[in-house]
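Notes for the one structure printed next.
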Amino acid sequence: MPPPAPRSGPRPARLPTPLTGVVPPLCTPLTPDGRVDTRSLAALTTRLVGAGVSGLFVLGSSGEAAYLTDAQRRTVVETVIEAAGGRPVLAGAIDMTTARVVEHARTAWSLGADAIVATAPFYTRTHPAEIADHFTRVRDGADLPLFAYDIPMAVHTKLPLDTVLTLARDGVLAGLKDSSGEDGALRRLLVRVRAQVPDFSVLTGSELTVDGALLAGAHGVVPGLGNVDPHGYVRLYEHAAAGRWREAAAEQDRLAALFALTDAGDPAVMGRNSSALGAFKAALHLQGVIDCPATAPPQLPLDEAAVGTVRRCLEEAGLL
Amino acid sequence: MPPPAPRSGPRPARLPTPLTGVVPPLCTPLTPDGRVDTRSLAALTTRLVGAGVSGLFVLGSSGEAAYLTDAQRRTVVETVIEAAGGRPVLAGAIDMTTARVVEHARTAWSLGADAIVATAPFYTRTHPAEIADHFTRVRDGADLPLFAYDIPMAVHTKLPLDTVLTLARDGVLAGLKDSSGEDGALRRLLVRVRAQVPDFSVLTGSELTVDGALLAGAHGVVPGLGNVDPHGYVRLYEHAAAGRWREAAAEQDRLAALFALTDAGDPAVMGRNSSALGAFKAALHLQGVIDCPATAPPQLPLDEAAVGTVRRCLEEAGLL
Amino acid sequence: MPPPAPRSGPRPARLPTPLTGVVPPLCTPLTPDGRVDTRSLAALTTRLVGAGVSGLFVLGSSGEAAYLTDAQRRTVVETVIEAAGGRPVLAGAIDMTTARVVEHARTAWSLGADAIVATAPFYTRTHPAEIADHFTRVRDGADLPLFAYDIPMAVHTKLPLDTVLTLARDGVLAGLKDSSGEDGALRRLLVRVRAQVPDFSVLTGSELTVDGALLAGAHGVVPGLGNVDPHGYVRLYEHAAAGRWREAAAEQDRLAALFALTDAGDPAVMGRNSSALGAFKAALHLQGVIDCPATAPPQLPLDEAAVGTVRRCLEEAGLL
Amino acid sequence: MPPPAPRSGPRPARLPTPLTGVVPPLCTPLTPDGRVDTRSLAALTTRLVGAGVSGLFVLGSSGEAAYLTDAQRRTVVETVIEAAGGRPVLAGAIDMTTARVVEHARTAWSLGADAIVATAPFYTRTHPAEIADHFTRVRDGADLPLFAYDIPMAVHTKLPLDTVLTLARDGVLAGLKDSSGEDGALRRLLVRVRAQVPDFSVLTGSELTVDGALLAGAHGVVPGLGNVDPHGYVRLYEHAAAGRWREAAAEQDRLAALFALTDAGDPAVMGRNSSALGAFKAALHLQGVIDCPATAPPQLPLDEAAVGTVRRCLEEAGLL
């Protein structure tokens, strides 16, 4: 593999250890003809930073990374770093296996990202020893902190607890974004992280159980719904950090009710991604943050009734 | 279907609405030759009651219901009701489809159980409308409060949120035992239960995230690990009930570490049930509660090394 | 476990080794109020025997075994043995784990069945070594030839090739009913069976690839669709046995087209079992073989449009 | 998206309709340091052409497409087209969703490939309507015949029968490579293809049931094992084409026994891809076709014992 493009200047070591707070996985606004809408993406970034988030995660599942070309992905990283005002930017390097992931990671490095987020291999059938080798090679291939992205819904592998801990102790992984939804496994991990690798960042991607995850010791949260209500998640985090657990739970309840907008699309006619990502974008459009609610093909657009559902959810949550 | 056997006297309406607190799913001690060890089962019951549990769930997955004959199941229900000292006894009616479940439910009714716990159909491929029909027929077939047992790991169906809510509102279901491990879905349910059917009992079966579930509004917990450390779960519940969330989390952390005993069995040579249920029984044997740690065939026994692991876990948790 | 009820007279050793030909898995006709319709079941049996089948399999998935109570199951075995005119009757012993399966197997033995058909354990999570132990104990528990029923769609475990071969060589298993749909794995098994245990019976339950399975060396077929068109499957088998492969394929093509009747039910409103088993029964009703097309709860009935679809399929296949 | 690079001259319309015979999915030989070994790849191509294959499929699962960078993929297509001596070359365009697949397809077009092979979207959760839209956009995006690659093991979606037929009738799809292993579903498709779209090419990727698939009317086969024994698959195809079904079955039996080499790797220490693709490459290395048996990371190499197993399988099949 060729050496990556030179990077402009040294990377500022601005990633806290561990990383705490709200790190939303940014949606990727598109123009009606399918290009990345950099104006809207910058506006979204500015809004999130203004709400008090502690970092920005681009090119995750909420960011439609699976749908974007390499050129589009580059545009996303560049745009958000430019608009981030110094907040750390974590970049997804989502691809099937090691060599392809390394290429994305090097690109993100050359563009100035502060950390890489990568999943276990997918499409293939992979042994835990191979998953460990994968992360080790990705870390060696790009000189940036590496977060493991545990998302079995997408990659059909759950990262084993022992694999994560070993890679954390060995310095291969700097953190974990846990989107497995398996909060019991997360709890077991947190107990051992605290005892063994306290600097390792554990962020939950389960946006409906953030209060419980923080109570259990998670350092932060990566909520897709945080695109729509970043202030809510920041309040939730701050309540938890201050030990105001009842208030944190009430905020989480409000956000759990708001999450109903992701069901706006009819599952008889469209997939879950079309409905959930379409709803996030419809909400951002209704809120005036982005110019166009389009999602990338082959996702199907929400119809008028579905957009009406999104509007009602926003109104009930006091967001319109 | 013939009418059930007559029941001795009226059923005491002793099930609180909603049911709260710790309701452990009792292990079923066996003799070395595979019969239900009623002495040990009564001793286990007495111990749990003494620890302050609010109810007893027999014939669940921790109780090896799937492994017991109908006669053994009857023995279990009788033994625990006798030893329960008036605590409510919920009885699993675990079978593939409606008519078979109704038979188990009627037997449990005739023996004096206070509630029935039933899963969605399994072995077959079933539509949500059929799942709703199933629970309705089970409720109609046995005059006892009915809890839905959401355990996709066993039945390969996740109970849909709307199905549970509709059945709750219609009075078909009195409660839910959520062993899905999907705490995000549980949160969405709890928000709507509180608004719509506040008497509906929601018990989490996820023994590693009890603090978070109680913070989210769950009424109680059905922890398999509660066989081994009932006092720990009762303390956890009481901390939560009193709003001492940090203390609840610390107790949960201790129990999450103890849960490592379920991994004692080597997955290369035995299944998960052999390891986890074998570990619960080995622990109860080491603690002197039951006479024999045998599990039912075709589960394989823990070897000496595995029992040593269980012992270490107990010692570290201060339970030996 | 108590000794089984005495059996009336010695068991005729009428099961050929290997078992060849067409062994349909009988549907279980029900009355409108849900009892086993013994008259219709006998009529179905007589029809199948008249068509030239070589054996009868009761209490399989097509027979709604998962939906029938123990008493109903007994009635089915008794009725079919009585009407079978000496053809061998294989009885399903479908239940979650070993002890329960042994009870069903002993009952079938006491009623005069010629062989038992049992699946891997389900509901539980089971290691291959435990599956082997399960079949060994079932075989020891009832003195009848034992067929393994490989049906991962229902039990969520695929029987490992090596486990089947070892159990075949050890005399635990007399045969296999392969409903896995994995014809590649079946081929690998057949090559090794022929070399190592030529008396072991291999029957495919994949009713749409019977010509290929017979070409590969399978001994026979257990086709659910054989309830509806037993003559077709008998012709298919005889073509294959005589090396008329083109004619066998043409017959299989006709049956594959007929299989479209199983899609009659709308998947938006009912499960796959309701549609497929409902269609088999609707066809038998339209053909005048059984009195009532009802399926067992919680399956939902086919509506008029769906029955019309079944009728058209029968007409196109020349069966009405 | 920018217009693709200009293609040198018009594309020869050399793809037969339907495409028949043996179309092996070429392995991608690598050098010890992980580059595409173009000499070995050309040698493999020459050997396959010499054995009488009717086409060449590059960048499929056997070709480790998921593990190769875009630059490596280009090298593979160029090398094989150059060495193919005019045989049609089908190129996999394996990526997560539409826009990314279109880019690969355009590259393949510009390099002179004769057809594109693409899967349903993966990583995401996709509705059948979206799958249809995906294939339509891919076909529109690159002016080449498009084959659907049905490989649920990798993409976790089974292509619905009706979707395939509709896309075939609409001219979106020119053919199907069926690696689903679901030969029953394949049979239903073949019956309808023959009646409705006879020019549509149906190729089975199930290398162990080729005789049955051809008897059922499949046009050809894409066997990974054909890298190792192309002559065997060509003989099998020719027997079938001539109606010598017993001889075809005997050849398939021999190949099914040979397939045991894919189990050479120990599943306790490596994944299925490492074992199967490693075995194909070890065999090619032992046969002197390729220079190095390395597979791409994070696959793990076969150890000496495993290579010994591969050698024994080759010897037993008369290939060494």
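Order as written gives the chain letters A, B, C and D; numbering starts at 1 within each chain.
Definition applied: a contact is a pair of C-beta atoms (placed from the backbone, for glycine too) under 8 Å apart; a residue touches a chain by one contact, two chains touch by 3 or more.
It should be emphasised that the depicted structure is a prediction, and the values quoted were computed from it without experimental measurement.
Taking each chain's centre as the mean of its CA atoms, C is the chain most distant from chain A.
In this structure chain B contacts its sequence twin chain C using mostly the same residue numbers, the overlap exceeding half. Per-chain CA centroids place chain A at a distance of 35 Å from chain D. We define each chain's centre as the mean of its Cα atoms; on that basis chain B and chain D are separated by 49 Å.
For chain A, the set of residues that touch two or more other chains is empty.
Shown here, the protein chains touch around one cycle, each chain meeting exactly two partners.
Checking each pair of chains for touch leaves A-B, A-D, B-C, C-D. In the complex of the two chains, the chain A residues touching chain D come out as 1, 34, 66-69, 72, 94, 96-100, 103, 121-127, 129-131, 133-134, 137, 153-156, 267, 269-274, 296-300. The touching residues of chain A, when paired with chain B in their complex, are 181-185, 187-188, 191, 206-209, 211-213, 215-217, 243, 245-246, 248-249, 252-253, 256-257, 259-260.
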